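For clarity, chains are labelled A, B, C, D and E in written order, and residue numbers in each chain start from 1.
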Amino acid sequence: MRHIDDSPITRDGNSLILAYDHGTEHGPVDFEPMPKSADPTHVFEVGRHDAVTAIALQKGNAEYYRAWERENDVGDGAPLLVKLNGNSNLAKRDDYYSPKQCSVRYAAEELDADAVGYTMYAGSLHEDEMWKEFRDVQEAARKHNLPVVMWSYPRGKGIQENDEYTGQEDPDVVAYGARLGLELGADMVKCKYPGTQAGWQQVEDAVSGLKTVMSGGSKRSDDAFLEDVYSTIAVGGNGLAVGRNIFQREDPEGLLDDLERVIFEGTDPAEL
Amino acid sequence: MRHIDDSPITRDGNSLILAYDHGTEHGPVDFEPMPKSADPTHVFEVGRHDAVTAIALQKGNAEYYRAWERENDVGDGAPLLVKLNGNSNLAKRDDYYSPKQCSVRYAAEELDADAVGYTMYAGSLHEDEMWKEFRDVQEAARKHNLPVVMWSYPRGKGIQENDEYTGQEDPDVVAYGARLGLELGADMVKCKYPGTQAGWQQVEDAVSGLKTVMSGGSKRSDDAFLEDVYSTIAVGGNGLAVGRNIFQREDPEGLLDDLERVIFEGTDPAEL
Amino acid sequence: MRHIDDSPITRDGNSLILAYDHGTEHGPVDFEPMPKSADPTHVFEVGRHDAVTAIALQKGNAEYYRAWERENDVGDGAPLLVKLNGNSNLAKRDDYYSPKQCSVRYAAEELDADAVGYTMYAGSLHEDEMWKEFRDVQEAARKHNLPVVMWSYPRGKGIQENDEYTGQEDPDVVAYGARLGLELGADMVKCKYPGTQAGWQQVEDAVSGLKTVMSGGSKRSDDAFLEDVYSTIAVGGNGLAVGRNIFQREDPEGLLDDLERVIFEGTDPAEL
Amino acid sequence: MRHIDDSPITRDGNSLILAYDHGTEHGPVDFEPMPKSADPTHVFEVGRHDAVTAIALQKGNAEYYRAWERENDVGDGAPLLVKLNGNSNLAKRDDYYSPKQCSVRYAAEELDADAVGYTMYAGSLHEDEMWKEFRDVQEAARKHNLPVVMWSYPRGKGIQENDEYTGQEDPDVVAYGARLGLELGADMVKCKYPGTQAGWQQVEDAVSGLKTVMSGGSKRSDDAFLEDVYSTIAVGGNGLAVGRNIFQREDPEGLLDDLERVIFEGTDPAEL
Amino acid sequence: MRHIDDSPITRDGNSLILAYDHGTEHGPVDFEPMPKSADPTHVFEVGRHDAVTAIALQKGNAEYYRAWERENDVGDGAPLLVKLNGNSNLAKRDDYYSPKQCSVRYAAEELDADAVGYTMYAGSLHEDEMWKEFRDVQEAARKHNLPVVMWSYPRGKGIQENDEYTGQEDPDVVAYGARLGLELGADMVKCKYPGTQAGWQQVEDAVSGLKTVMSGGSKRSDDAFLEDVYSTIAVGGNGLAVGRNIFQREDPEGLLDDLERVIFEGTDPAEL
């Protein structure tokens, strides 16, 4: 890891990543609750909120984003985090895998990325292959001086068939995945929320100051969602990567305002 | 995606692609209804109709095309779209796949291509491998400043074995495939007609202005065929890729005239 | 395809290729009927007959050939067609495949080849892999300005398990294989004789003037053999690739004289 | 092998390697007995003991280590041995394998490594693949003038299913693994302690002076542990690679002092 | 093939190769009959006998050899033949394969090799893969002007399951393997002794003057061993590759003297 406190994708040491790769990962069905969210420019606009320190896009939308910035003269939009791998759920696979659809060179030179991201499925039959891809990604990112965010999502047969683990949100599993981010040279890890603050504490204990951002969380009320985020911040977490919870709303401004206070000011949601 | 309205393969924002790769995909059997269509130069001539904004050829015929142009001094023929992958139906495969038989470098430097095309079988066991090939194709095409057309054909075991889908023409499937074109950086997608205008509307809703061209369609009457094309144009579609429906005719001029009016002038076929 | 009428491996538009790769493909057993044929220099001498427009050799014998030319100061021997792939029948495979044992660069720069050849087994489980290898071969050959001959031999499980085909000599199969030569960018295809002149006509109809040479043919009398060759020449074929039928003879001069008249002068064997 | 007596990772010809890759290999569970050991900087400090001639780290921690040195101005810490491959035990595999997660180039140029290490699982279904990776690692290391340490751990189906062997600690197996280090060009091998001095003698007999370090050893008393180390030194061994036995202790100074005397001075532990 | 009569690894056209890769292929067990043979320097010394025209070593021992020469100022030792691939018998494989553990570049530039060797298992499921590796080896060797010796050992399922063959020493099998050496561009082949002089004659008939050396032979008396060697020399063979029969002897001088007379002077052992 490198220290990335002076990177565009952090603010006061923390991050709020607006992730918009659902068209790849789940398909247009994810846009149905809010049809205009199918239009990337709608989400690009949402990303202009001050709370957002990075917008995470697959290659095609990243190209679109840079064109949109040029054409609309929108000034400082959110820094761009190019997600380098991804997958569709159309495919049938023997176990989890996410092919690399964008090179670091392209992200750096053609997309002027501010950071890159890569999903690692430790526990999959394809884990070893993904390590090798991550190696090349990480080293190329160093060459281009780009922070590397690991979407650290342990899952697959190695987890499912191991009686010691309860699943993807088992704190032991999440913490191990996060540790791999440290060991393999990521600068930030994005991890599943393991359900409790104690679980997140395990994550923090495992990574020795490596940046961590919480992913997703259950579809509960805003209050419960903010509580989860706060519970990670309170024990050293560095923020959140969020997608549908934001762009599926008619007006995400309020929630972004609240997240801004929780993530960057450490405000207890009970005081909002 | 990039904007390609100023590309040779579009005219007033739309396209009519004359696809002639049936010798590869199906073999000489496709020429039996019109034996002279086995001769590429016959089809090259057809492509000189003003309606045609691109002729799509595999490498060998693309070489032939450029030689034919030089030798016959035919002036401006149709722009050349080199199809980079393809397959024969002689092979036995575990699932759909289409090997790359032409490099982008060769298409650009030796064939002077105006655009390149790549077939993507999302839903196949080989989907992930094709993503990686498409990545390299797309990035090399950017380097050579060539538009990239994705033949987006979701099919294979991931579709067949998924009870949520009715097959390759399920609008949910077609729209997801089209969205992948946007996410992965294509400049145009070629999609199966999903049977209804509402289905095509789903496609358009999923791609945020990415160019779309309809593929094939059933072997119905000219009127029904033109209706289908018009139904896509009317909701934002950008045209048609057509093969046998043109070159298997004794005289394709009339149909090309009609397609020109529908695609580039938006004329309702009922008014032709 | 490119026009290769001015290539050393054609004469008046046609070719007679003396193929000598049986040591690779079948092993020394093929030399038993004529033991001296095991000695490549014996065959090199045979290749000096005017009828021969190319001698096809695997890499090791091609090295030997060039050394023999230098050491014996034999003047103009037959042009050298380096066969780039091949296989032994010692191996056990799941389906037909022929590994590449010589690079185009080596053939061009070190062996001073006049042309290169590649065997394509369309219909095999390995067809797709062979397409990719052929792609690289073809493009490298263009770079070195060498004609590319495709040994187009559709076979394997895709053919065997397809009830529509009767086997490797089914004219539909042979013609499809030949068409692939055109589509993939070969300059000449070498095809099995499909048994009848009508069958070869199908081949010619499929390739639009691409050079074709007949391969092998059954072990019949000289008259029958010459008849087969003539039957292909008469409908547009461009000649013959022949191996054992020549080098297994004590004195192949007579047959070569006859083949010269049939192939390059179009003489009906009945008039010889 | 090359002679590495003048390398930073040896002292008077011997080595004590502090290995800290347990976060990769076993996950955070290995830090539970001594929670502060999860913090790499704690272990970096331990590594400053004079007895330590190298600290072995995976890429991410190696980056961390170099940053820690710069930021803390700690003077001469332990030389850095970058471990180039590793694996998590989350994955499910058909047999042992350890993917390469760091290139030699990165280790040399970006991490300023003093040596590199690679785990070889001879006996695994993946042995042949690992030979090829080791080949490239070894040759790249030569280019950068870095010593190469092979973690030589024969295991997997080839060992398990061979009735001649009793397992990973069978002296015949350990000695064969060590010999492979010599044959393949390692400069030092790290081997399992085969249980007896006679067993280690077999190792030494097999490697003709190649540096050997003992790995792990059973979790016995300090006295027994030191005895094992001494038993290898006494017959030509060159030291120890140790991890948990050191960093899981509250105060490892005492044991390191003792190891220093045993390894570098050849002191019999009975005399400590 | 190239003519290698002026190569350091031949003398008067013939060769005696001292092969010492048993530590790789069989492990330390091969040194048990003569423990000092585990020490490479012992064998390096043996190699100084005038009869030896090449010593064949795996990479690590080749490094050791060059260091030994420098450090001991031994003058002209045996020329170095670097064996580029090899395998351990610890591994479990589906069929015979021998991974490449040394690059030609490394052998040429760093080891100053006089020749390179590669084992080819025709008949194995991995035969095709080995052809491709041999291709690259052979072409790289040409670039560095190094003779290429093929250890031509047909074996594996293609042989075992073929009722026409009696096994690895079937003269038809051995001769086919030797022929592949010629066809694929080797400069010398090392073949199993097929049991009879007539069998070796078959080998010679198949290779048209390509250098051949006999491998191993059964563990019979010296007289019988010399008889076998002589029987190959008498029909055109070029010598012997020998390992255990030499270095497992307390004093190999006598046998080397005899071999020298048989191989280089063509003396009938009956006259020794």
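Everything that follows uses one rule, which is that a residue touches a chain if its C-beta (ideal position, glycine included) is under 8 Å from a C-beta of that chain, and two chains touch if they have at least 3 such contacts.
Note that the structure is a prediction, hence the values are computed from the model and not measured.
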item	value
Third chains touching both chain E and chain B	C
Self-contact between copies chain A and chain B, residue sets same or different by half	different
Superposition rotation for chain B onto chain C, Cα-based, multiple of 5°	70
Where chain B and chain D are represented by their mean Cα positions, the distance between them in whole Å	57
Between chain C and chain E, centroid-to-centroid distance (C-alpha), Å	35
Per-residue multi-chain contacts in chain A, two or more chains	none
Graph class of chain-chain contacts, one of line, ring, star, complete, other	ring
Chains in cyclic order, anchored at chain B, direction fixed by chain C	B, C, E, D, A
Touching residues on chain A, where the partner in the complex is chain B	21, 23-24, 27-29, 31, 35, 38-41, 58-61, 63-64, 67, 86-88, 90-93, 97, 99-103, 105-106, 110
Chain E-touching residues of chain D, taken from the complex the two chains share	1-3, 122-125, 127-129, 131-132, 134-135, 138-139, 142, 154, 156-159, 161-162, 172-173, 175-177, 179-186, 202, 205-206, 208
